[in-house]
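A, B, C and D are the chain letters, set down in written order, and residue numbers restart from 1 in every chain.
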């Protein structure tokens, strides 16, 4: 038993696990722009996640009859495409829904994510349907598995740090200040002359574009994507839990939350490997229940998350 | 062609019935507790599986299992209210909404843990549908429609004739005034869960009877339930029923009509999208609902 | 009333013509017309339900009028959204202070200035230096305003933690972060204690005299209105009932009746 | 005999004090009116009595019990009933259902009381099956008052019962208030319509800036030129 726990703990530092945690951190950073900065209730994260993943995959895979493309473009172009496509999708959706109040926006966005998933599931010409897109190129294809994962983790880590710095700067800038203002009180933001709709739309598009980038990173790491990956649990819900546990409004919190939750989730995988195989699905479900319980516990006892939003913006000279 | 359209209408009413039973609860919870209850679909699922549990444990028929399922779902809802929702009532409604998503995942995965991922049915064997003027309807489907009508009548009697039912409508109208008037709001909330969860379980059993049991049974229909609630106007139980019929019928017609008119393509796999677009249009055009409720 | 005389020669800064707004069949504003001369302080008074707040909301772009026009400096601005009106120099405050609660007092003010280049996320990334220089200037200005309002000691406090009176001052401070031409103050004195009230009165006067703001005040405190306003406009039942100096409207029988009730037997 | 005594109330919304030492007393069979200029804190005072505004200072005695800080529903159980100015009916419920909800706290048979209220407001009987939300402002006010009367209150708090009503309805509401008073219910009301309200009141208070400025019999206050002056300041 103990050595299994030990093995699980070591497993947590496996680059494979860390890389996934980092990809989730990207998604959580994107969601933080929407919910943390702006108070937008987007529970259709999976839709932008999927849009990014499929875009990058279709742009970079070798030509095939299975789905649209592939266009065999470099991975960098694929990732850029992921950002652009998910951003454009967000712009389109945002233009329609941006004025909805938070609970209605929630219902609307989850519906849109489901439509995107249905489309990917049913339109074989585009996405190869439920069979999914495979043989997505990995940037470090030639390396042995361990090194490849490590290299990818380093790549993801660079992206996470870079994104954090960019988004933190945006938050500290008057842009972020205006977003917080409209989050706190829309009427007063209007009276302060802010074009509230424009700021909302920008935050929605930026956040979703970041999620798209996360999707692209996911596709090239996993090498295979199918509509199942983007079901609400792993496409949306777990990212929300990460952000809320870590601390909405705080970029460091979003990253911390992503690692804590992903570790918790994978740590339990290690323990579950002890159990007979025939119970695997059930035990997997048990882990999801645990994630749900963590969310509720945080809401009840630490509603601002592990690292609450800092208030020093503009208030202190730097 | 007319027969085909009528046939689609029957399917629409069938779907609408199942949606209606849950939408009433969502609408009352939205009106009284002021949040969109995302765990409602999974409450349906739990209800459907409770019935299965009772049947396998006792060998009883689905109709004996039915009240058991309703009761069990009510207890589950009350437990979650006590442990989770009640403690969050003083915070913003959106926090309750997030919590309800957590509850949804806990419920759904509890079903997975207990009953496993496999698709099952209450009773195996294929029953031929009854035929009437060229229309096909299965016995179970007829029972579902009749059952829904009976439950709606019971609900209506409860809401119109009983003290608690009237108090529930009053509180959905104006929670602050209800409090000032001396209405026992804690008891109204308790009864809201009883009614909401009970009807959700009934809807879940009906849905499982018409299709099959699987852990995402209720979740898959949640959007349609929200669409019906919004269409009917938040806090308006009768509006929710009407909204459910609109959603059910338009989903089936939208999915089936192209085929009836000889198209070689079909929108069947996009049924959820049809209800969804209906709802978004509604949110943008008339957020207070077709018959007027709280915006 | 020298200010009235001085203002009378100029074209009105704000002109409202036959504005109408109904809510569910009730006409909150029922054909109100009024003018506010540039450089004046105008008081807008009337019993509860007279339609003052609704009129305010329409002028500031928060409510769309059913009919009628709003002219700001001669230009038709009817139905423009608040941020467009703000760009034309119209600023409003709220009766119940609308502060950004989970932001510091200083940040509450720093939000306001228009055209900050750092409001573009792209510039925040590529021109961080310029954004910071600009922000330093805005911060200095915010600190000036806070000192003027004696709020400097709470500048790093969350606005949500201020007292009601301090929030009222912060609302006023928001109007000082820009160069407004017309400031609409919605009950600036409600819930403010007498000491703070005296200060508030001085601030409003200074803003008018020294900075040249044209000000329109909705207020129930008649002493505040009487001591500050060049002209007073009285509304009742959605219409403008009277206009003149405070003494004139006080002497007006219809106005007295509107305030005291029993309108119909006021002639006896 | 004093039924309600509220001493030196101080409090308001979000940190700003609206009430600055307001004191109110109502005798067991009195009609008492609170008048004063807008923003004087009249409605806030009523809300403070029923716990809808938090008090920083002051205490409230009702009957022989201290009720400071009790909620509106707890006060309703003690037969102190409050009728808000707006949103005072359940719009989708019928007139009769509204009255039934007023009696929610009663476990006994209240049909006699309902008949009494129908006698008081015959139009409510005619329209007992109509949804309250579809009625005119004056009729809604009757529903709201009727609902509060269902508990057989000892004291009825009315917040601007004639606001927005036509002169005909205003007069009729005031007549009904006198009638309610003769049924043995004390009334404390806030009114904009100062002259008419003072005419039916036993006593009145003039509130200015959350403080008592004048207190006298109704007719005396109505005739007091200084009071008239209060409304427009100066």
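The definition used in the following text is that contacts are C-beta pairs under 8 Å (C-beta built on N, C-alpha and C of every residue); 3 or more make two chains touch, one makes a residue touch a chain.
Not measured: the values here are computed from a predicted model.
Touching chain B and chain D at once is no chain at all. When the C-beta pairs in contact are tallied for A-C and for C-D, the bigger tally goes to A-C.
Greatest centre-to-centre distance from chain A is found for D, with centres as Cα means.
Averaging Cα coordinates per chain places chain A and chain C 44 Å apart.
Once the centre of each chain is set as its mean CA position, chain C and chain D turn out to be 33 Å apart.
Centroids of chain A and chain D (each the mean of its C-alpha atoms) stand 55 Å apart. The distance from the centre of chain B to the centre of chain C, each centre being the mean of the chain's C-alpha atoms, comes to 49 Å. Residue numbers of chain D whose C-beta contacts span two or more other chains: none are found. Applying the touch criterion to all chain pairs gives A-B, A-C, B-D, C-D.
Residues 50, 52, 71-73, 76-77, 82, 84, 87-93, 97, 100-102, 104-105, 147, 151 of chain D are the ones touching chain B in the complex.
Across the complex, chain A is touched by residues 60-62, 81-83, 86-87, 91-94, 98-104, 106-108, 110-112, 114, 116-121, 124-125, 128, 131, 135, 138-139, 155-156, 158, 174, 178 of chain C. On the side of chain B, the complex with chain A involves touching residues 35-36, 84, 87-88, 91, 93-95, 97-99, 101-106, 109-110, 112-114, 116-117, 219, 223, 226, 230, 269-270, 272-273, 276, 279-280, 283-284, 287. Against chain D, the residues of chain C that register as touching in their complex are 26, 47-49, 96-97, 162-165, 167-168, 187, 189-193, 219-223, 225-226, 246-247, 249-250, 255-256, 259-264. For chain A in complex with chain C, the residues that touch the partner chain are 166, 169-170, 173-175, 177-178, 180-181, 184-185, 187-196, 202, 206, 309, 311, 313-317.
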